[in-house]
Amino acid sequence: MTFSDDVLGRARVKDTDQLQTFYDDLGKHETVALWTVANEIEPWFPQPVSVPMLWRYDDLRPLVLESLDLVKADDAGRRVVALVNPERKDISAAVGLLYTGLQVMGPGEFMTAHRHMAAALRFVVEGQGAWTVVDGQKLRVGPGDFAITPNHAWHEHGNEGTDGPVIWQDGLDIPLVNALDAGFYEVHPNLYQEQGKVINSSLLTHGAGQLRPFGFEDGWTKPYSPLFAYPWEQTYAALQNAARASDGSPYDGIILEYANPKTGGSVMPTMSAHMQLLQPGLRTKAHRHTGSVIYNVAKGSGYSVIAGRRFDWKQGDIFCVPSWAWHEHANLSASDDACLFSFNDFPVMRSLTFWREEAYPDNDGHQTTN
Amino acid sequence: MTFSDDVLGRARVKDTDQLQTFYDDLGKHETVALWTVANEIEPWFPQPVSVPMLWRYDDLRPLVLESLDLVKADDAGRRVVALVNPERKDISAAVGLLYTGLQVMGPGEFMTAHRHMAAALRFVVEGQGAWTVVDGQKLRVGPGDFAITPNHAWHEHGNEGTDGPVIWQDGLDIPLVNALDAGFYEVHPNLYQEQGKVINSSLLTHGAGQLRPFGFEDGWTKPYSPLFAYPWEQTYAALQNAARASDGSPYDGIILEYANPKTGGSVMPTMSAHMQLLQPGLRTKAHRHTGSVIYNVAKGSGYSVIAGRRFDWKQGDIFCVPSWAWHEHANLSASDDACLFSFNDFPVMRSLTFWREEAYPDNDGHQTTN
Amino acid sequence: MTFSDDVLGRARVKDTDQLQTFYDDLGKHETVALWTVANEIEPWFPQPVSVPMLWRYDDLRPLVLESLDLVKADDAGRRVVALVNPERKDISAAVGLLYTGLQVMGPGEFMTAHRHMAAALRFVVEGQGAWTVVDGQKLRVGPGDFAITPNHAWHEHGNEGTDGPVIWQDGLDIPLVNALDAGFYEVHPNLYQEQGKVINSSLLTHGAGQLRPFGFEDGWTKPYSPLFAYPWEQTYAALQNAARASDGSPYDGIILEYANPKTGGSVMPTMSAHMQLLQPGLRTKAHRHTGSVIYNVAKGSGYSVIAGRRFDWKQGDIFCVPSWAWHEHANLSASDDACLFSFNDFPVMRSLTFWREEAYPDNDGHQTTN
Amino acid sequence: MTFSDDVLGRARVKDTDQLQTFYDDLGKHETVALWTVANEIEPWFPQPVSVPMLWRYDDLRPLVLESLDLVKADDAGRRVVALVNPERKDISAAVGLLYTGLQVMGPGEFMTAHRHMAAALRFVVEGQGAWTVVDGQKLRVGPGDFAITPNHAWHEHGNEGTDGPVIWQDGLDIPLVNALDAGFYEVHPNLYQEQGKVINSSLLTHGAGQLRPFGFEDGWTKPYSPLFAYPWEQTYAALQNAARASDGSPYDGIILEYANPKTGGSVMPTMSAHMQLLQPGLRTKAHRHTGSVIYNVAKGSGYSVIAGRRFDWKQGDIFCVPSWAWHEHANLSASDDACLFSFNDFPVMRSLTFWREEAYPDNDGHQTTN
């Protein structure tokens, strides 16, 4: 299939002096001739500005730790090194309309509470002692744990450990919120929230998703998960169980989506997250889909081929797949599991009916790398 | 509040000879005067025909075991002793439009496959080795496990143990299906289903309800849970977790509903099930609601007061609460948990908008027993 | 296909003296052997107790009018002649779990307000001047109009005409509500409702279902239609429009369902209603489905074949089709339309996943009448 | 309320040489310090790039008509003058992520079929003879009619009139689709669609939204309205009916949303449309909300105050309200109705839970113009 714009059905008006005069007249009234921009704004297929990227944890970790001394958390608001796609510096996006960064908190450090229209999620990379208070609920999170801060929920974070810093990855839909002119931000009137007495109460109450409270804690009407934290142990056990019953997806191996137990849907309306297991030696097939994805290597090492380019990764590395880019994954170890955490804007694609997906048609499903 | 029918707004036509003649004329055309039946068919509040009942396991168990020798399972279709409300023998209901029975299978025994419009659920009471194949998936279930057989799903059961019989409680909506003239029944054309290779595959795949498969096993469109079995261990652990975060419901203690992880709703569209934990010494308050409930004592001992009458129970006993009957529960032990499994027709009440609930207003929420 | 119960997969235990003793023992504990009732309570296909019936308006009208003089409306509660299936006198049902009757109100007559768990609908048969106040909204309704009184909505009726009585058909789900032990009834504390100033306000506001109020009258959360009356003129025009674009259903001709404009679903959660157009000379094919239906001939004349029996009808006649009975319709006129109003319990069938449908397989889709 | 960024809870790190070095190091790894951009990307409230605009039809009409001679429709793809916000020339948006333009077709002119991920809607401004074929259905549309072309639906347009050109307004979500990297475009393989025989069939079948086909044309599973055209006559009549029952919204007068009769929701998942009636002399109060709106004056004359600036308008004029801008409307005529057609991205705001709204708190709800 060729994608020439010089066909019937595409704009192919040749420029003339007369038209140039007309275009000038249009410009005087804040208008343009559609046909001068049509092919650009209605492309044959998605033309993401973002490019595939991999950020090595070995590169970022020293910088993240350096920031501990350079700025006070409360001066920074949050002490975060943001990963920015070279082509999206204008909107501080890592890929598509997604933002990500690495946040660091020293032992005993904590920050004030705020809330905003952007939704946030956390994936803990290293360190013991991290906590977050979301809508008054205190959660303790450790490496491999996934937690959410839904939009407009008050939140504040800290590190109650004594041994060292905590580093977690933040994921937010800030660029999406801004693209839709919907950003709001508030500092908590008392600077800090009042906290409930029970730590991890949402996990205790809703942490077995197939059993729901009845007659108590069951009047949930918010559009996001009442379960705010998903511990690594349960997640990893679920992956291993699923692997005993299925080969999983040809493109992703055993891949589970963190779900809202009240609906079975995604944890928040704008972002979803997954954890996937690539069994030893597994090499998946390539596919592409609308929607942008940011990965964090939770375990092991391997590589992904994205848009024809190979990116080797190991634990802690972060990489991204732009919309409609072919991608496939491989676990290079013959003996050890590899796990990829990822988050995405698929709920937006589904709500707005923009989801499309296709398998790589050639070469037994594998891209040729260049 | 008084409920006299001799008020404006109720039917209160006095009989006359002239009216009697008129009624006779109406009868000739298969009609009646509404006012002669109105107060009966539109009562002030529900008037269940069913009465509260408790069936002691000590009474039923010998009879159930006796049936092992008396009839062959395949001759019986299923070897089940059905518990029938004394007032609902016409429709073989235990309470309301719910059916229940105790099914027994000897070691090595198994039966042919069938399906029907009635939905079924199982709660295992005693014995090792029970299995059921539901829509081609083989499940192994043990004491305290809950399993479903959704309507129109092929199913067949057996006992692969060697030590002794298995007894489980069946719950079905047979009287509901019949009241709505919707009953269908089919024997499997091959008598037995083909089985998938992996035992308990739905549990492996969907058993962590807050993590759902993505890109595999995720195209579920059926109106019931893809998770067919809920093991006792997970259920009991979830109760204990929830008890650390909440006092639960004033009427039920810590009570969890088995949920469809795809929707967060009930496991099937016509019946739901719960497991509840009554902590040592707990005495709940009374409430009443529309909808009928059948209980099985999963653990411990205690009593319930139903419509002013006290019913003492211990493990294995089965009792029922008719619609709109006041009820409250008590754990008599100061040291041990009591657990009540129950199933009900609440999904029907909710779908049809018939759900109503109220707290017992007097005596600090406790009925006086008579 | 044969439906013998003497096959593997059905209960086929032969009686013995020993078993008889066992059955007696079971009876002492309010239990029965399932196999003694299994084939009856799990039939091969629905076995409705109700039989097909047709009530001639020529027969009923004089009786209905006679009641005007015999009882005062307020003494009767409602002055209604109820149509009762000869086999369902126990529950005052016309067919399945549906109730119907003809209500008559003399000029200037009106009655007190009440509400109940049973949902009601009205189809006006004859007379000018009828009104109903539903949840404080006054509606005026004339022949061919359809109106709803959702469950638990306050309602009161009257006839403000001067020329003569009004007769309308009532349809209620009383037997369903009672079967589920969910009946409640209340007389209005003030006997009469306060009324809004605008007549037919729901029709003015929601009567063009494809255009919905925004920023006013749009916070509707009730589980039924905010549109309480559907005028004949709009309904008949919609039928004629649809007939210009389609042949409609092979079983029903052009058939439209009265819809809740807030959801596109049925007007109430337990009952739905249709109006169908049989064009001159049309003879539909037979089908059968779960769910019970009561028809009122709104226009014209013709016949229906129900379970192999022909029922001839003309305007005003009422007939019923039990669940799973084959049925087909014919308009006997070569020049005039026939219209059938009907109501049913299909929403219940759908909510509970009991809906099944099949086409008559033989004789080009037509039953042979006996 | 002040919105200073120099408070605890906002980023307020002072620049130092040491930090500048650190920022340089971050840049080498495609990262930035969040605190250097945080206040900008997480604003206190929405900061739309788009500005309020009004385009006069008197200005645009001559240019639109001039284009008839300047370019052939098939060379242009579509012959459209696009209205572009002066601040959003980069993405050809009129406001927010919405595109709009005026399309003109000469008598007898027609164009090839295509489809794309962007959803489109039409509002006919002037001229007789316009038609569009959407997914094989031919629709005829005239002044005041509203029509939709859902995403991925094949469509082609033409003018079968003989008297003169047709001008309609196009509204599309092109900038939204591109922002989310989801744009696809296809030319119809046969250049033109096969058409159904019945003109306006969706209108005939679904045009009375409160009555839905049953057993035919009822298997609709697409995420948009099966009704493709909404005629002016019905819309205007519905406005007048609603005005008899209500004063409507304080901010918009009588305002109706074009609805999907299958769901009661918006016509498409990404854009909704309204028609509102400002009765003679009406002056509404100001409010603001997230979401962008483009208006077309369908009838009459008046003015709107947007973000403190007055824009006078008359029939045919187009204006826009950016997200979170205060706005209020006035009909200047003491005798004639004014009607405003508008379309918006509210469905996106709702799906993504970005909807916020508030009333203007001062001066009895009216802005002071500057």
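Labels A, B, C and D are assigned to the chains in the order they are written; within every chain, residues are numbered from 1.
As a working rule, a contact is a pair of C-beta atoms (placed from the backbone, for glycine too) under 8 Å apart; a residue touches a chain by one contact, two chains touch by 3 or more.
All values derive from a computational prediction rather than experimental measurement.
The chain pair with more C-beta contacts between its two chains, of B-C and C-D, is B-C.
Centres computed as Cα averages put subunit B at a distance of 52 Å from subunit D.
A separation of 43 Å divides the Cα centre of subunit C from that of subunit D.
Note on chain placement: the centre of subunit B and the centre of subunit C lie 30 Å apart, centres being C-alpha means.
Under the contact definition stated at the top, not a single residue of subunit D touches 2 or more other chains.
Interchain contacts close the chains into one ring where each touches exactly two others, per the touch definition above.
Interface residues of subunit B facing subunit A in the complex, by the touch rule stated above, are 198, 201, 203-217, 225, 227, 230, 234-235, 237-238, 241-242, 244-249, 251-252, 254-264, 274-275. Within the complex formed with subunit A, the subunit D residues making contact are 7-13, 18-19, 22, 25-26, 29-35, 37-39, 41-50, 53, 55, 59-60, 63, 66-67, 70-71, 74-86, 89, 91-92, 96-97, 99, 101, 112-114, 116-118, 151, 174-188, 191, 223, 269-270, 290, 292, 322-324, 345, 348-349, 351-354, 356.
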